């Protein structure tokens, strides 16, 4: 028992990879994903605050940092399984909660238990912070799938993930930070180019001919 | 729809790794595991047949080859989750079966469906072939965990897995092939040595001194 | 000596990678390849049986499972070397057989030797099962090379491998299972698309505009 | 220009590995390290607060999340280089700051610049939050080096890193959270065992003999 | 102290990867890069000699083999950092030299020190051998970046690296070996094709129809 | 045809890994091995020269750099195969030579052919340079196998490789550079320690108690 085991478990999140069972050019660990989601949530919160909303930063960071910690106990369960029946989904959430609480009881000294039970709860609720987490989680997923598509991954799943992520983000389009994402960030993402082979030849010719002229 | 998608899915099993979320010196894909289990089952079946049992080889190979195919649809769910409640376990098995049947209906032409529904069923039943599969699955798991322990993996989980695998194998100890494993194979596994550092120094000295004598 | 060393050797096949010395997006171990070939052979055998042929399943599975086991002793020798001279090829086959038999003599107890000498023999003979193995081996090779081509591997070797695999499969085109592959599976493989960048932009626009309308 | 490039840069931190140029059993990316440091800082802050200190959580999370972001611009420079001369160290800090500010000016719209210049500043100052960051950073480093030592890494560097990390932590021993670490967490870390080979044999014998008795 | 530590350090160069912090399809270690640069320098030297120049081969090989050895002590520092100010660049070179000399003093017995201080000096001077090294280093960099572009890496950095490498090579265009590279090697590199998906379909059709005719 | 394909082939040597089919903690490419052998040969040559021998450096570097280039055409053939019969060994050498010459004829313009046929010849002859190559090749092999043993690789093969490498080096013990290796380098290698777990506890206690005293 002890916080030592909690600290050690953080490294297990570096060994848990997202979207298993599919060829990917680049793997993403749950640890790295949690980092990116927290950074994205930080930015979204900043936009909300600038637009006059009150952000509870302590809560926002806690939600973002811990939102996938329970995967340590449950492993990666494919979405279609989880949602195959609402009965299963309900039971599954229950089990997830039980396993997390069991871990806290076994590893955390009494004085920390209440705080951590709160921190490891499902964070995606209807508060501003819960909604920012929902959006930040999907923005990172959208970037992950876009990364595969842009690198040439022929697996249609990544287009489906991109689509699903975007559709979820849009559900929150009344939020100022989501409007910012859709209007100011997404267009730049779509501007990203593949490096065309033709461009390479052209650039090489340009360099060679420029230098030729200078050489004369 | 089509057998093409079934053939392609075989390669996804090369991207599904066993025991995620833990540091391992050597990863094992579900594809490679299925190969090893089938080879081990082949050996166990050979022992049973030599001892006078009748082995239905077609059935045995089908069970061994396909025993983890459903992980393609469900992903890797940690054992404690699956068995957290018998209710969840029951529901989970149901969902697993539904997803597999859905895949067969969507991808397999009518004439193949019945055959493949049969092949993708849970194979660990009470027939001789079902029991051989149960044992072969655990023998490979025992070798995987032994490999980590022998390489110096400090994670206690691998000792637990080794223990659990061995205890399950022993449940089948009335089988001739299990007796062969316990009496003729397991002792050799336990004889395996770490390469001691001392031995290296000693050997080096021996080679050097031998050569010295020859050189005189 | 012992079956323990045979079981342990199965894991070495997980460390032996096909087509060394070339950049590949996805590696394939000999263990995973053997699994896929056995699964493909299972399907081809099913077609043959449906078409009225008699399949000896025990033999078919043995051939498929063990067809590359000897690579454990010989390593990966590039095809041009093996076929550089028919004299070398003959000698090489001889040596391969000798090394395999030596392993069996050293590791297998007497009672298993005959069975395993038979199992580790070259399986690609003129029987129905031998021909199914030849075809299944090339279908997996075709999928492996197609996987590289589809992911954008610029190495022309993979186009050559694809071509050679397809030409070998066609040599067996009198077989019902090969006709099924050529008529019902290969066309779907060729339908596979790269995910076009344009499609991504288009889809994003569609989602955005739909949501806009709903939002009004 | 744009936040899109900032979001994309987060994934580059997944490709930046700590302690390059040394054999490691397990790699750690700057992204995963940042996640772990933030989680550890969260715990240390919790202890401080319980002991009556006032923690500015917003500041603490900002410091922890962003503390290595500048490595994106500078790459990994080995410590002995950085500290070879105080003149170099001074110049280097200056350059680091310039490059970070250049990135902010080029990529962040005007309204976000001030906030992010503040967030990307060196966080290890003399405030409580700055000191928690210093300690959390070293605790993760200590765990990383301990992980290598425990897995059997013969490189003496990891013992040196462990030592240096511990000595730095002790510099802050007047802090309640550091006392908690030294008294309640570190002893458990040192209790961690290698899995001894002898224990494996013993356990196997125990299982076998127990089952034997039950079988009678 | 000792040559043993020098020999061991060579393996550290296998763990030092070029261009960290960016997604790459293929990683290149400093050890492999040094090998390739030496082989390319060998070829360029051969051209120079054929054209009547006198090549000091001993010097050329020493320069090429050792040109990145100092990265062992300094790690990978991103180019923009190094060149951010000429003052920093000067200091940095000084530190690099000091660290290298410190290593030689600590590890090399007296009799070897002078030779190795000479060998580990910056090799890119104005001698023929120094210029061949400069060109060979950039040719390998050009091939590395071309490899990423050709495999579909969407990161614009690789196009910039390709461009910078080519522009540096052209600075030496008065050299016969550079003219050979520009006229006889680069055009072949630019001829390299992506494998088009269309070509695959076409080839498949051709094989199928040929075989059909033969089958009649 | 062209030198471009020769340059490109250098990168294939980065994808060719030594000792395939065995679990290894650290992989070594043929490219990195060639680099290390050349560096070791450089040192051995330096010792020979200091002891009054005349070293033909151009020849020595050519032999070391190119000594495994032919593996590009033949792949990795396990030693027991190559030496299974002297007849096979003879034939194999012939084929290796033929494939190398075929590559040179196809890729190298006429003016370079003679030089490269010479460079790609078997380099381990009875000249001083040939003997240095033989020794350097085995020293790197000895370091590679020692690296696995020291990291805890339980595979006995690495002890056998270490032994065979050392025995071959000793065959050349009349050479001054070999005497230097045996007397001045090998003892330091054998002094290398595993990091003992006890030492870690001890050191931690020492640090803690020192600091305690200082704190008082």
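Things to note:
Chains: A, B, C, D, E and F, in written order; residue numbering restarts at 1 for each.
FYI, a contact is a pair of C-beta atoms (placed from the backbone, for glycine too) under 8 Å apart; a residue touches a chain by one contact, two chains touch by 3 or more.
Predicted, not measured: the structure shown is a model, and the values here were computed from it.
Minimum number of contact steps separating chain C from chain D: 2. With respect to chain A, maximal separation of chain centres occurs for F (centres as means of Cα atoms). The greatest centre-to-centre gap from chain C, using C-alpha centroids, is found for D. With centres defined as mean CA coordinates, chain E is found 33 Å away from chain D. Here the spacing of chain B and chain D, counted between their Cα centres, is 37 Å. Centre-to-centre, using mean CA coordinates, chain A is 44 Å away from chain F.
Counting only residues that touch two or more partner chains, chain F has 11, 13, 23, 25-26, 147, 150, 152, 186, 194. By the definition of touch given earlier, these chain pairs are in contact: A-B, A-C, A-D, A-E, B-C, B-D, B-F, C-E, C-F, D-E, D-F, E-F. The residues of chain B lying in touch with chain F in their complex are 25-26, 147, 150-152, 192-195, 197, 199-201, 203-204, 207-208, 211, 215. On the side of chain F, the complex with chain C involves touching residues 11-13, 15-17, 20-24, 71-78, 80-81, 84-85, 87-88, 91-92, 95-96, 98-99. Remark: chain F residues 23, 25, 146, 149-150, 152-154, 156, 158-159, 162-163, 166-167, 170, 173, 182, 186, 190, 194 touch chain B in the complex.
Within the complex, the chain A residues that touch chain D are 2-8, 10-11, 13-14, 26, 28-29, 31-32, 34-36, 38-40, 42-43, 46, 50, 57-58, 61-62, 65, 109, 111-112, 115, 139, 143, 147, 180, 184-186, 188-189.
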